[in-house]
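Two complexes are shown next, each including subunit A; its partner changes from subunit B in the first to subunit C in the second.
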Partner chain A sequence: MSTPQETAVSLEGLTVRYGKSTACEDVSLSIARGAVYALLGRNGAGKSSLVRCLLGQQKPSAGRALLFGRGVWSERTALMARVGVVPEEPDAPPAMNALQLSDFCRRLYPRWNQKEVEDRLARFGVSVRNSFGRLSKGEKGEVMLALALGHGPELLVLDDPTLGLDLVARKALYEDLVGELADRGTTVLITTHDLSGIEGIATRVGILKEGRLVLDEDAETLKSRFRRIRYGNQITETRSAYGTELDAFEAVKVKVRGWGVDAVVSNYNDLSFERFRSTDGVVDAEVAPMSLEEIFLAVAGESSAEKAAETPIAKGGPR
Partner chain B sequence: MRALRVDPADSTPIWSQIEEGIRRLVASRALAPGAAVPSVRDLARELSINPATVAKAYQRLADSGVLTVRRGEGTYVSDTPPALPRGERARVLKDGATRYASLAVTVGAGADEASHELQSAWKQFRDGAKGEKR
Partner chain C sequence: MKGLIAVARREIAENRMALLAALIAGIGPIAVPVVRNLHGAHATEVRSVSAFFGAVTLAAGFSILLGFQTLSQGISDRRIGFFFARPLSSAAIWGGKLAGVASLALAAALLVTLPAFLVNGGNLAVDWGWSLWPFLALSLLLIPLSFALSIPIRSRSALIGADFLVFGLAALVVALAARPLVRAHATVALRWGWIGLALIVWLGFLVAGYRAVARGRTDIRAAHRAASRILWLFTAIGVLGFAAYTRFVLSAGPEDLTDQWGETMAKGSWVVVGGAARHRFDYQPRFAYNMESRQSRRLPDVSTDTRLFFSHEAKTLLWFEGAEPPYELVTLTVGRQAASAEVRHTRIFSSSRWSQVALSADDRWLALAQPKGKEPGLLSVYELGSGRFLASTPLSPLTHIRLFFPRSDLLRVYEIADVPGSNPVRIRIFDFDWAARKATAGGEIGPLGTGWLLLSPSPDGNRLLVRDPVKRSFFLADGRSGQTIAALFAPGWKARFAMFLSDGRISLAETNETQARFRILDGHGQETPGIGLPYAETIFPGGEISPGKLVVALRAKAGVSAWTSLLVDLKTGGVKTLGEGLFPLATFSYWNTTDPFAGPSPGSPASRLFFTPDHRLVEVDPATGVRKVILGNG
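This part shows the complex of A and B:
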């Protein structure tokens, strides 16, 4: 029985250092049971280190990771029995086929559901008789997913998964999966830099940037406060010197283009926009909602080094 | 859940229509505390929508304690579904009112006309909620 207070995952000040470089810096977050949490970050943002700590494969330099309220590092074996993982690099003995792999896993888990694994592979259209080594990358991911769900885990971790053949197939796969897991009360953590297929299924989103969690928010709240605003500016003479008209907003990113200004704001609301569009000199103001992918690119798109090289025009950060 | 309808043409996202719809059914006791609600997949099939959309609505309802997921059994209305906390309710009302006021100003409606529309919408909902009772 799950209550709203129960958390599946919590990280408390998690820090991972390798020598002088820091992979994760003081990351704290919690994932409620039943949530579909998308942890986003570009390559090298610290996702893999974070997941390794979460799965008890690595001891954090500071802070700790908890699953279902228990410390992962000290209770790894018991906790991992409640978790299913689809690893970043699908890895299994190449000569074994999916049936043999499933048979092998069955011996490790008391509650193994062989029929469910086979049914799922049939739905994915993956041949259970082809050896693992001969499957495509997407198929390997699907075998891993079927196996990860074989013991009815309470938490499913999809670590930068490659699933489905194309965007449409992947989206359908995710949608069905999320529906099924919601009925079971299974929590999902997806880490990725590729948002195709994630849009619409994540209930909560976190963004890691250079080891720091720069954003951790309900997916819908996030989408409601981010907007792209485009407008012309008739007052400013030099195009790069526009100024105070955007002051009512937190502008995460501002670009001056040939036709005018293109800004991403993180605290949009209709009233401020109405006031903004009637500001002297502002013409043809348009506002457009943003996809999760666009928000991710705006928040995590540039590293601080890349940003420093650019003209310092952005006012304020994402928070 | 025949009383739950979604309108794809409505500008309110479908997950939100489901969330609000179930909240209303629970508030009006059309769905009693402890009652079973359809599974995510069944409701998605019934409404011909994407299961992830229903899952999102259910997750939000579970988060706020309106629904309870019992692992391996199904999803139920909580035994004591909470009313929105006061502060939260005030905030939600204010947000909605601001949006409505902004819309009214945009189409050039006066305060009287806007309040009149609000009153009649209110009435319509009241009657609708009664109709949903078994």
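This part shows the complex of A and C:
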């Protein structure tokens, strides 16, 4: 486990409730300095509540959030000098233009780099004279990113920053992000639906599902252990069942199709696959690596309710 | 502070259009005189008044509107997250936002007045001398109020029901706590209570607003919870404080009285004292106080204008009770030493709290005269113990009634015809036999001029001293027929007072330009040797300290401390100074009464009581002149 000096973000048993509904349930994770942590989850999974707690904007119902080893609820003011934030909904005062916003921030951060902000805004092509409220959603996001990076934050929190952005804007955002990381080694926590965008950036991935952190893993390890296996099955007599041939794997998702079986496994290794391929009845077995998006869909793609509603597929059904 | 200023500046910048609107609104005050074709000083005044009201209205309006909108909207739609994502403390965000709103409201108010100020040549004074600044300051106080109120409204949580419940309960407790002071007409005391309560509740709103931001941050429901807790706490403190304050005000005892001139009576060892009390503002309690046992009993407050009646032997105190008609007569038994704890409701009612009451010497019969202006009044007799109605007889319209029981089976009534603007005044005398339900006409006195009419019957009812308001002199009349027995007029002398002494003689105090004197007359008005007194501008009787020894209060010139009390021995003619600055308590008992039994009986402790210039009530030993403080600390 990393020490507080090495840890940028730490959540300990974080729980957020709104009345009787629970947004986050007992979430614990830590993000090392310099890491790019992608927090994934479907809408309503609890990402935004978690981020608000992480930024000291909301008090968790239970547990606590630490930034750089310090409680963020009680020490928010001091900690925010080290944090840059791009919120899900750009929330800057609508009557102010980008330069006025930058000027406002300049008064609050001792290390504010006005030139860098202006350069970045120019690079984005944002009209700095237009009031924030009149900017397009993409421009708003770019302004917020420029403001978030203006003081050289040690931690950058991006809450679904690409939501509503077009392809060009997304690209610009990620380029800047990569540049920032390369220059300063900033820790990044990003919640997003744009999984392809962060594919090459994220060093660690967490998946929130119905308020619970169901996955928290190094991105490379994650991608190396998840595989899609497709094969024909000559053992089972019915299409709705499959046999014990997948027992060596932890099958996250299995679908029986006309041509055979399509399974996502979360503990893939070559040796097990060789054994699987040589199993009686398994024909034309293929294995394919998975993108982050595919892994996310496999892990978080169905809610408990949706899953319960589906017709269960019996493992080891009648032969 | 840097953060607070930055937030405030941003708030002002964001709402700067409001200032432009205010400047445009400022044209209004200078346009009004033009539209109404006013010129000169009148136009200046109209511009000033319009600008004044425009400024106050705008300041209050902006305070309420922006106070309601600025911060809570940001919390409810989470836009406030922009500030919480910066190194800004909650205090800086809250303080900066509210300071920004206050600056805007103030600047807008001043901008409204600017055109009128310039057109008036730098003058914006309104005729009635009000200053704009206190009104603007009061308007700005609305900002935290408006902000804190906006939190529960925007949160739309069920907690708002609890808020209403708490405030409803608080209002109920405050109303209950304030009611005695309202009834006592203690408006100043009440006003300070309200101010204290308002200050605490306002502070509650201020702190609640801060806590909503500090604890709720971007969660409007959490903000509501935090605000409600503080509001409930401060409301509880305010309400309990208010209740404690009213309790403190109402707890004033006789020893707290600082000015007992308000209401006094003396009978036996009992005195009724009332007036201003220490630290109680205008609340004026009243007490029956036994100067021997030092026991006291609270009576209706002075400010309620409730008249009190002592029975002959000071066994009973009576008064009318109730906030509105009909008023019920209540009695309090005051024994020799102690008063009964219970006030007894007699079930005898009067339509007016100014009805005249007389009690027979044995405390058995009660006569109640209720004049009804232009309508015929009603004279009723009751049995006091049972409250049983016995008989009644009508009274003439537009009359004042004086009545008393010369004997336990006889009620004497003086019906004074006093038509406003009419002259002269006539006094009709009749006796009422309630057993026979019959009014027997006596005689009539008059015509007399209007003015200060004084009737002083002898205790047996046979004779009557009357002060002619026009001649300003007394005459002795037959108590039943009203026939003049003797004129007591002395050329070159002004009659100050006349009274029957306990031995049946008459004492008559007179003054002229250089001296004062006592004339002593027998029961038929025949002169006996008089007694010379020092010069006095005013002279009052103070009761008999012992039979034949009368206390009088003299004042040579105006001013309370100029009173001197003398002890006049009516047998020997000796005059002794009891003390400079002393004023006899018994004097109050003789004012505006026809009761021949008013005042302390000769030799009773109350006859030795005096007020000092520093508002103490002291008992003076007539032999030594030594003073003993009974009440008051000055």
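FYI, the second predicted complex is superposed on the first by the 291 of 319 C-alpha atoms of A that agree within 3 Å, B and C clash if a C-alpha of one lies under 4 Å from a C-alpha of the other, contacts with A are read in each partner's own complex, and residues count from 1 in each chain.
Here, a residue touches a chain if its C-beta (ideal position, glycine included) is under 8 Å from a C-beta of that chain, and two chains touch if they have at least 3 such contacts.
Predicted, not measured: the structure shown is a model, and the values here were computed from it.
Of the two partner chains placed around the shared chain by superposition, subunit B is the only one that A:G185 touches, whereas subunit C remains out of contact. In the superposition on chain A, contact of A:A92 is made with subunit C only, not with subunit B. By the touch criterion defined above, A:G133 reaches neither subunit B nor subunit C.
When the two complexes are overlaid on their common chain A, residue A:E154 makes contact with subunit B while staying clear of subunit C. Judged by the touch definition given at the top, the superposed model places A:L55 against subunit C, while subunit B stays out of reach.
Subunit A uses no single residue to touch subunit B in one structure and subunit C in the other. Those residues of subunit B that touch subunit A in the complex are listed here as 13, 15-16, 39-41, 44, 50-56, 58-60, 62-65, 68-72, 74-75, 98-99, 102, 105-106.
In the complex of the two chains, the subunit A residues touching subunit B come out as 1-4, 32-36, 152, 154, 174-176, 178-185, 200-201, 203, 219-220, 269-271, 274. Those residues of subunit C whose C-beta lies close enough to touch subunit A in the complex are 2-3, 6, 10, 13-14, 78-82, 84-89, 215, 217-219, 221-222.
Subunit A meets subunit C in the complex at residues 18, 52, 55-59, 76-78, 80-81, 83, 85, 87, 89, 91-93, 95-96, 100, 104-105, 107-109.
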